[in-house]
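Each of the next two complexes has chain A plus one other chain: chain B in the first, chain C in the second.
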Partner chain A sequence: MEEASKISRYLYTVIILFLIWLFLTASTDAQELEMGLVLSLIIGALTYPIFTTRGLANLHPKRVAYAVAYAPYFLWAMIMANLDVAYRVLHPARPIRPGIVHCKTVLKTNPGKLALANSITLTPGTITLDVDDDDYFIHWIWVPDEALTENEEEHVKAASRNITEPFEKFLKVIFG
Partner chain B sequence: MNALAALGEILVFIGTFFYFLSALGLIRMPDVYNRMQTSTKSATLGSLGVMIGVGIWALGEDFGSVAWLTKTIVISVFLLLTNPISAHTLIRAAYKSGIPLWEGSVMDKYREHIEAKAKEAETVGAPESETPEEGGEE
Partner chain C sequence: MLKRSLAIITILIIGYWLAQSLAGVPFGEDKMLVGQYYLDHVKDQTGAVNAVTAIVVNYRGFDTLGEVTVLFIASTGVGALLWRKRKKRTAKTEGSVVLTTGSELLFPFVVLFGSYIFIHGHLTPGGGFPGGATIATAFLLLYMAFVSYEIPHKAFEKTEGLAGMGYVLVGLTGLAIGGYFLFDWIWQTWQWGTGNIGRLFSGGFIPIIYTLIGIKVGTELSGIIDNMLKEEVRE
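After this line comes the complex of A and B, so read on.
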């Protein structure tokens, strides 16, 4: 992953900070906007090296469109996750069969891996335990039959199909 | 404008219901990993429901303004990004400090991975500064 130019990274940081300011103040008064812009410029100058490596390329229209489409998809997965949890907690027999499984991902960038780990944690029955390069170790509350094989390759394939692949088709475009 | 207030009230109600489930999950689940599962998910969606609900509720009331909604949106996005990370850190720390899995657990691939890594480090003769137990920290 090559780094974008410093100016592009700086501008991207300022834009994000200014957007947060706009939402927090919820006012379009000229004085408030000026103050927000000044503060964004100062904070952006101090923090842009750790905030982003790709700069304005993050605002590519295709990426933004996929990110917007990802939000409802993710919220839907989260609601299903909570209904699943409700079922497991309220069911008298407490139907859990936990285990730590091993998944692989195709994502390359660190922000992408972070987003995938967060998405996994908030969706049905899975929580990320550790990430090591492209290996994900995930605590699964109900390990299905097809992932119970002794064969390592089959296991990884089955687990990845169930856990990581539904998100990867979005995250691959958003984060590359 | 009362429809918005009603929608907000419903969202807050759903949120509190998920809070309740989250607390119940803490009592009913057998070990720390499964407790983490239930409490993280339900508490996140519960907070989301309560906060967005309050924002929409304020839209429908007399004193309401859009300022409530934008602030609650910022807070909920912040929570949505940070809550899973804290859960991940807690569960990883629990595993590293040797808390065993529930006896009903069916597999533990992470143990195999750590052992394979330790063996590899021994044969290669890795420097002692980095034990495999602390790998993947970057």
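After this line comes the complex of A and C, so read on.
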């Protein structure tokens, strides 16, 4: 992936740090704002090479809109998955069929892969064990029948459709 | 067995002895002598809302200078004990993409939060030492996630020294203006920030000293981490 220019990466880091400062202080006192700006400029200068590779392109309106929409979508997925696990724990027969499955992702950037891995882990029932390029190895609480196949290709397809694809339609736009 | 039971008996005797002496101190009663003075005068004498930082930096600034010195000696001591001619990181396993990207994204936030803690030392709990430790944690994060990460040594050592000297210089300026070491000249002489106690730009020299301490502690602890994570390389 191509790197954005230094100025763009620096500005993006400063903007994000300043937003964090606003949340942290929860105050619009002029003194707090001045100090926040100064600190964002200094810390941004020291940390931007580590923080970002794409710079201001991250703030494309479409990406921001998808990121905002992703929050409730993800929360809903999380609530449903929690209820599902609670059902499995409380059910007398304990319908658990654990297994490690292999998924593939279409995401290319590292932040995207991180977001996907965390989304998978935070929805109970699935835990990301390892990420290797575009391969995800995931521990699943109930491996459905369609993924229980000897055929590697079918297996990956079935697992990806169930685990990674629901998140990917958002993350693909947010992180590319 | 005999050794262990003897040790347990000794500890019980010491514990009983300490409990006996503490039983004479009543709990929850107003025993403040100096403490009441601090609480009554902290705002108009130092400008700080946080009484703890006012005592630590302003009323008893010498203690803090001593603590900073202790930390500096600890860092130098670790450096001297682990001194080798050729040192290298010898970690073998690279972290997964989740770990490395996660620490990359967290790094600026942790540094910002550390600065937030030491800048607000006179208003909220915290101050230079927790803030500096938080900043060092950010560097620990990078050390843990990446096999070959190293702090920029030259810059770090110089910043550490300059921050320490800055602390002493603030104290010496107080000596020149007010007549004794660590005299709060910004508050007492300049009256700077007296109008807005409780807002950010107040508190006399406490924020300035805590910024210096935060930078010093942050770079120092990062240096200790760096020293401890490296191993000797044999040809």
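One rule holds for everything that comes next: the second predicted complex is superposed on the first by the 175 of 176 C-alpha atoms of A that agree within 3 Å, B and C clash if a C-alpha of one lies under 4 Å from a C-alpha of the other, contacts with A are read in each partner's own complex, and residues count from 1 in each chain.
Operating definition for what follows: a contact is a pair of C-beta atoms (placed from the backbone, for glycine too) under 8 Å apart; a residue touches a chain by one contact, two chains touch by 3 or more.
Source: prediction; values computed, not measured.
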Examine A:Asp130 and indicate which partner it touches, taking first as chain B and second as chain C; both and neither are also allowed. both
Looking at A:Leu24, would you say it contacts chain B, chain C, both, or neither? Reply first, second, both or neither. both
Pick one for A:Gly99: touches chain B only (first), chain C only (second), both, or neither. first
A:Asn118 contacts which: chain B (first), chain C (second), both, neither? both
First (chain B), second (chain C), both or neither touched by A:Asn82: first
Have a look at where A:Ser40 lands relative to chain B and chain C in the superposition and call it first, second, both or neither. second
Is A:Ala67 contacted by the first partner chain B, the second partner chain C, both or neither? neither
According to the stated criteria, A:Leu59 is in contact with first (chain B), second (chain C), both, or neither; which is it? neither
Can you tell me whether chain B or chain C touches more residues on chain A? B
With the two complexes superposed on chain A, say which partner A:Ile50 touches: chain B (first), chain C (second), both, or neither. second
Jot down the residues of chain A that show up as touching in both complexes, chain B in one and chain C in the other. 20, 24-25, 117-118, 128, 130-132
Under the stated contact criterion, what part of chain B meets chain A in this complex? 18, 21, 24-25, 28-31, 33-34, 36-38, 40-42, 44-45, 65-67, 70-71, 73-74, 80-81, 83-85, 87-88, 91-92, 95, 101-102, 104-111, 113, 135-136
Quick check: in the complex, which residue numbers of chain C touch chain A? 96-98, 100-102, 104-105, 107-109, 111-113, 115-116, 119, 142, 196, 199-201
Along chain A, where are the residues that touch chain B in the complex? 20, 22-27, 78-79, 81-82, 85-86, 88-90, 94, 96-102, 117-118, 121-122, 125-133, 135, 137, 139, 141, 143, 148, 155
Please output the residues of chain A touching chain C within their complex, sorted ascending. 13, 16-17, 20-21, 24-25, 29, 31-32, 35, 39-40, 43-44, 46-48, 50-51, 110-111, 113-114, 117-118, 128, 130-132
